[in-house]
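Structure incoming, see below.
First chain written, first letter: the chains are A, B, C and D, and each begins at residue 1.
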Amino acid sequence: MAEKLWGGRFDKPQKEELFDFLSAENAKLDEKLVLYDIDGSIAHVCMLAKQKMLPKQEAGEILSALLKLKSQAQSGAFKLDYKLEDVHTNVEDAVTKITPNGKKMHTARSRNDQISLDTRLYMRDAINSVSAVLLQLQQSLATLAKSDCVFPAYTHTQVAQPVSLSFWAHAHYHEIERDLGRLSDLYARVNQNPLGSGAVAGTTWPIDRGYTSKLLGFSSPTANPMDSVSSRGELEVEFLSALYLAMSHASRISEDIILLASKRLLMLPDEFSTGSSMMPQKKNPDPLELIRGKTSRMLGLYVHAAGLLKGVPSGYNLDSQESKYALMHGVDTALASFSILSKLLPYLKFNTEKISLELEEGYACATELADLLAKKGVPFRKAHEITGGLVRGCMAKKKFLSSLSAKEVSLLAGFEIPAKELAEAVSVDKVARYASQYKIPPESQFSVSLEKRKKALADAHSLLEKEAKSIVR
Amino acid sequence: MAEKLWGGRFDKPQKEELFDFLSAENAKLDEKLVLYDIDGSIAHVCMLAKQKMLPKQEAGEILSALLKLKSQAQSGAFKLDYKLEDVHTNVEDAVTKITPNGKKMHTARSRNDQISLDTRLYMRDAINSVSAVLLQLQQSLATLAKSDCVFPAYTHTQVAQPVSLSFWAHAHYHEIERDLGRLSDLYARVNQNPLGSGAVAGTTWPIDRGYTSKLLGFSSPTANPMDSVSSRGELEVEFLSALYLAMSHASRISEDIILLASKRLLMLPDEFSTGSSMMPQKKNPDPLELIRGKTSRMLGLYVHAAGLLKGVPSGYNLDSQESKYALMHGVDTALASFSILSKLLPYLKFNTEKISLELEEGYACATELADLLAKKGVPFRKAHEITGGLVRGCMAKKKFLSSLSAKEVSLLAGFEIPAKELAEAVSVDKVARYASQYKIPPESQFSVSLEKRKKALADAHSLLEKEAKSIVR
Amino acid sequence: MAEKLWGGRFDKPQKEELFDFLSAENAKLDEKLVLYDIDGSIAHVCMLAKQKMLPKQEAGEILSALLKLKSQAQSGAFKLDYKLEDVHTNVEDAVTKITPNGKKMHTARSRNDQISLDTRLYMRDAINSVSAVLLQLQQSLATLAKSDCVFPAYTHTQVAQPVSLSFWAHAHYHEIERDLGRLSDLYARVNQNPLGSGAVAGTTWPIDRGYTSKLLGFSSPTANPMDSVSSRGELEVEFLSALYLAMSHASRISEDIILLASKRLLMLPDEFSTGSSMMPQKKNPDPLELIRGKTSRMLGLYVHAAGLLKGVPSGYNLDSQESKYALMHGVDTALASFSILSKLLPYLKFNTEKISLELEEGYACATELADLLAKKGVPFRKAHEITGGLVRGCMAKKKFLSSLSAKEVSLLAGFEIPAKELAEAVSVDKVARYASQYKIPPESQFSVSLEKRKKALADAHSLLEKEAKSIVR
Amino acid sequence: MAEKLWGGRFDKPQKEELFDFLSAENAKLDEKLVLYDIDGSIAHVCMLAKQKMLPKQEAGEILSALLKLKSQAQSGAFKLDYKLEDVHTNVEDAVTKITPNGKKMHTARSRNDQISLDTRLYMRDAINSVSAVLLQLQQSLATLAKSDCVFPAYTHTQVAQPVSLSFWAHAHYHEIERDLGRLSDLYARVNQNPLGSGAVAGTTWPIDRGYTSKLLGFSSPTANPMDSVSSRGELEVEFLSALYLAMSHASRISEDIILLASKRLLMLPDEFSTGSSMMPQKKNPDPLELIRGKTSRMLGLYVHAAGLLKGVPSGYNLDSQESKYALMHGVDTALASFSILSKLLPYLKFNTEKISLELEEGYACATELADLLAKKGVPFRKAHEITGGLVRGCMAKKKFLSSLSAKEVSLLAGFEIPAKELAEAVSVDKVARYASQYKIPPESQFSVSLEKRKKALADAHSLLEKEAKSIVR
């Protein structure tokens, strides 16, 4: 039991199955935290030295060991033993094997503030990675929209009005802008330093939380220790909510394509489709359906994480360990989904002839026709009614609006409608042109802010290594 | 069927049960939107006049009718008939009964952009109301903390360390700060004007969306019409996620009080407790349990709203009507819960004698004792082990840490521990004093930003009425 | 405070806002429980009399009052005052106003077992009502299927194989059979009598739970008092899960119709569709979309109820009051949704010409063609490949499978394919005929079991009234 | 591309990242299905031979290959290549490598009915495994209850009445009985054979589904092919709902222990507890908290699976692949949680002295005292009030009910209360004895039904192997 961090007050050893249950899965997830945990320990030990809570010599030995482990971890050679519970114990144990002064590195620190720290370091990078893939997805929409064409807008899954492919892409671009905005807002809340919160009550040691914040690139320390450990899981839930909404957008793009493919208005790309083992003619939009399915997974992960917050008192509780699972699976799911979608989109090919027919069959120019009447002075409500009647008549005769003569429309309207104006109002292609004015801008505002965030992290990281090395030497 | 807005292309009338299903509940919810719908129509008609899409005379008649309905609605005299489907039809119908020009007010507009508009107007006020109650809750924590006393910090629902009531209140204050931050971020996304998006594709009428934005106090028009109607429900989900997190904080405060009351460390106030019909001795923390329960309701409302976004294509779909239910119930639930909690908190009375005993029985000063050893040079890991052993010994002898003599501790430590320093380290009250430095500030930063938002809305509202009246006259 | 059931140990009165929060909404829901609460009290008082815990004379007075209130309640004249907390207090208060012996009716009983009882009585009827509407929905599918016709089966929303309308209806019929099975299984768990469980620990009074079970039509008393009150909410969750699955089936039926309508393969009925305020040509499947949306609501209600069970200890907790909201809204939502869908279905009209074309364009007979080759001895995997090639060739030439000559197919197969057999294999209508063998049976097995359950309840009810009247007289 | 089952109609190869997305995770889950997939194929090929759809000689070769792969798989030597998409393709590919007749084994079958089959075979075993662990948990409660003692019943987390440990264990035993009942009901729905449903529309081959049902131990074939493939995910949701409820019971047991440990009324076992890295005195109920947390995970998995069913049309859709993840993670989570809890329970030790004090301090005998008065003729409502007053008086004087004299109680009651009767009513231990009559029975009824199910599966399995070998030879 010597290897645990807390043997002193126990009479009997723990059962093996206890750690199978508590740590086997958890240690696998912790593998994504190793580098963050080491960086956090480096900053902590630098601070202990600076505050003279540890002699420089001893701090140097510990830091040297940590830097060594870090380069091991970077090359994938640092493995976690789940019998040692978690990443924190594994790292402390490995350091102590190199230098007995490792026993001093946990001064003024708890695993409770450590895990909060590691998670925030992970989340910062995860927010940046997800943002980068969302920016790619926006660019993929822009690429697709370059070969602009007529496109059907639906409401209630029924033909509504003629628009353009670029208009549709522009709509989805702006959904993603909001997703990026949410991630950016979240980043500001994540980017605060919990280190120094201890187990729940802070510490009476003379620590310097401003200093570790600087070394780790945080904007400031968190305000209250109990809040810092109690709130584990909260920012994870906010993250998962943002990811769910982004997934719902990827799912909606997918749904649109599935629908259009079902109507044969676009061709699914062989490169991103699969077939059936039984039905020889099939070409199926599998990745798009799976994105839709994974949207449901993301909602499940949200509920998983959110439910953890209910029914537990303040202070650290182990339930919150589960939030790591939800968070990491959520991030991986999002990255994979946005990535495959951004790769698939540029392969889509549209059948403009069939799209025009779809719009004709759906009487998509009826609104423009009603507007034409209204522009001539018919109250809109009346114009709507007249046009509704015209549509009904056309349907009965299996005709399209484009076949209406100026004469018959004028008769119903009660005044002369110029033939040219009528022709323009009922031409699918003419009306669609209006929508082409909506263009995706060359760069999202969040592209700039992502670069800034990444630069700040890189700068802090250089400072951290410099400080550590200055103590080692 | 004449009263519907869309009879023209239908051969047969609708069944009555159709509107029972579609509109009966919905129209009740729409009652909260009447004033917003009228304001939106006023802005729209002002714009139609300004753009000369409607003669000033006719616009004046419509505006006069709208202002009349508005004052009716303010006095509660405007009732919705759900056979007229929704608030939009009810308002247009009422206007048209006053002036036949009402038939022209729907020019260049759809109920799809109208409902998006109404919902955003509602959400702005709702965000502000919820923020105001959260600020109250923070003040209530501050009031409670004024009579500061020793307080038990737990981790894993086991005694951890001695803290102070003010420390605990400060922790919860900061949770709520983040809640206010999320609402503030959301407000910026909500505060964009969807009016002019039409059914899905905008309109070819020469509308001025900047002008309606100004009249309604929006920061700008939304960017894309299809996005504007497709995204109904998205900001609602973000709102509900923010409310869920805030509820989880109210629930955690409640949980803490329930736990402390169960241990008889505080007295539940008669004023906010109830009894049992069978057990005469009972005093139960009913409102606190119900807050915990309503946290689960909020999660349910989140899932309700979030699930709507999956499996539907772009463009307006009626599924999204359901998001109104989730949103409005979520807002009401949050307001009621935060309000009762903020009223209850100041009535709590703590039993400091029992709290001190609880901390002693829980060996809450063990960390401070280990830190004392570590400050004297024992590696922390070793100091932890020694202290663990001391605790184990005390438990066997049914003693507390405060009964340890300097002699016996010095023996174990291997060096002299000054009796005074030991006494301070193992005194619950002394250690607790450290935590009293955490104080709730007099005012939240979000108090200021809330005032700004409310002022901007009031200013816009004055402008809107001025413009309308200038056309009427 | 006199009117509460528990004033004795309180010094100060409760704040009015406490009951606003605890009871205002709750008392409205309790209105659906009034008759159940009265019946439960009648059974309880009959038992008190039988066990001589109450003199027959006094019991008779109470029963007389209860019967009077019951007939008031049946006529809608019994109103709840939420300041009296709940239905139980309202009923006891009303009885006591008629006879002071009302003060004795709560002997050996708690509101904790009362609410569990009332909820089970409600659930039994609710299960039966929902079952009845589901049986209607099955019959509606049967009615629709009577005018059988060719129908497109999809996988991955892509044309798969030709089937028949009756085949599709039969598939959905069997989904609903499972829904009915789940409700029937649940009924057995619900149909146990919690009365006599007291607050949490039963009672030392010599009660007869078998007798009240008989009077109320339960199969037996529940086994453990603590379990009986702690498990409030559990059967509600099981109910909501069953309702969610049933809603997902209604939603899938709706989705199929929305998709077919979008492809113009069926005509939406005017009677159950609505239009657009802006686009004159629109006819929208509003109720079907709303069913899809309400499926999400049901998932939300499930999560609401399910989340209540986590993070609370054994014994009654007020959180569980929230399960009533979820349950009752779930039941009402389900009833409304299944009802409108069963009314709408028979109005659907299919365009068989377009369906045949859809199947041709989707090469829906490819599987039958591959099977033809395989039946002639080609390994299926090879037959699949050959047919895939044929489809590819047809697509390139914009031909259908039905245009293939026996000669060209024989050439590829490497042996003679009889022209007649080929023609049958590639005829959409011929292949579809196979699917018409699937027929909805005249009656579901659950139709019988529903009748049995209803009869048992009616019998018990007669017995209850008889017993009560025998004591009154 | 030769290795896929569907290359014929495709012009271009698929991108590698497509299968990374579709299959990498999925193939790992499929490893749990290998043996089921092989058994299903064995049954299918036996049927093809019996129906003369395949010459006996060729069937024998395929079956020989399958039996060989089965023994490989049993020893863990059959590995899945995810580039081959799924378990079905991997198995067919491996067979075809042994004999070219493998190309014939997919006759009259689709991966759509195969995956439904494999999942049901998996679910049958999973239901049985989970049931077995739940029966263990019941036995663990019985073991614990053998050393019966006084135990506190709470309502609203406030002391309610004195009960016994056996009473508490009996309550939880009965919760689990319902869990077992739900699993048993589900088993009947799962135990139907989907094989023969094809892709969505069945097949025109002369298959014998009754025969494969017998070989695989199913009660009967499913009724409708489209339903069989469309309903993928439905029984998974029902399973997850049953698991969620069972987890909520494990969580409630955990919550009770956490609460009692927090009050020091029981001792957490060293063997199943952990410590703190910072606070030397801590012993934490980590596994119990994690069970509570995993209850939230189960709710998340439910939502994940349930959400998949919404917004997709009939017929197979790839979204449903996600249900496999939710199902398998749910089963594993449940098994691990119930198992650790059943191991931990017998280690609990109670502090009966402190429990008695807890009950005294909570005036737990107040109900019994009120009942004593009521038994003497005081109306219960009045007896409740008197006792409430007595409690209030005791609290003011810091006395317990057990210190009340017969004289003072008699005075308040208005008549003589015998001292002995009073003493019994206010004695925590005497009252607790009443609850000891509740005893866990030696065997659950579901223990028997589990054995029956397992025997039926074993019998079918023997038959399957016998049939296969008779064809091979």
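One rule holds for everything that comes next: a contact is a pair of C-beta atoms (placed from the backbone, for glycine too) under 8 Å apart; a residue touches a chain by one contact, two chains touch by 3 or more.
Everything numeric here is computed off the predicted structure, so don't read it as measured data.
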Inset, instruction - Specify the chain most distant from chain A by Cα centroid. - result: C
Legend entry - Of B-D and C-D, pair with higher C-beta contact tally: C-D
Inset, instruction - For chain A and chain D, let me know how many angstrom lie between their CA-based centres, rounded off. - result: 32
Legend entry - Between chain D and chain B, distance of the C-alpha-averaged centres to the nearest whole Å: 36
Inset, instruction - Please compute the C-alpha centroid of chain C, do the same for chain D, then give the distance between them in whole Å. - result: 23
Inset, instruction - Would you pick out the residues of chain A that each touch at least 2 other chains? - result: 5-11, 106, 112, 154-157, 160-161, 198-199, 255, 259, 275-284, 286, 289, 292, 295-296, 299, 302-303, 306-307, 310-312, 317-318, 367, 384-385, 387-388, 391
Legend entry - Of all residues in chain A, those that touch chain B in their complex: 5-11, 96, 100-108, 112, 153-157, 160-163, 167-168, 170-175, 177-178, 181-182, 185, 189, 198-205, 222-227, 229-231, 234, 237-238, 241, 244-245, 248, 251-252, 255-256, 259, 292, 295-296, 299, 302-303, 306-307, 309-318, 367-368, 371, 374-375, 379-382, 384-389, 391-392, 395, 431, 434-435, 438
Legend entry - In the complex with chain B, residue positions of chain C that touch it: 4-15, 17-18, 20-22, 85, 88-89, 106, 109-112, 198-199, 255, 269-284, 286-287, 289-290, 292-297, 299-308, 311-312, 317-322, 325-326, 336-337, 339-340, 343
Inset, instruction - Can you check the complex and tell me which residues of chain D touch chain B? - result: 154-161, 258-259, 261-264, 275-286, 289, 303, 307, 310-312, 361-364, 366-367, 369-370, 384-385, 387-388, 390-391
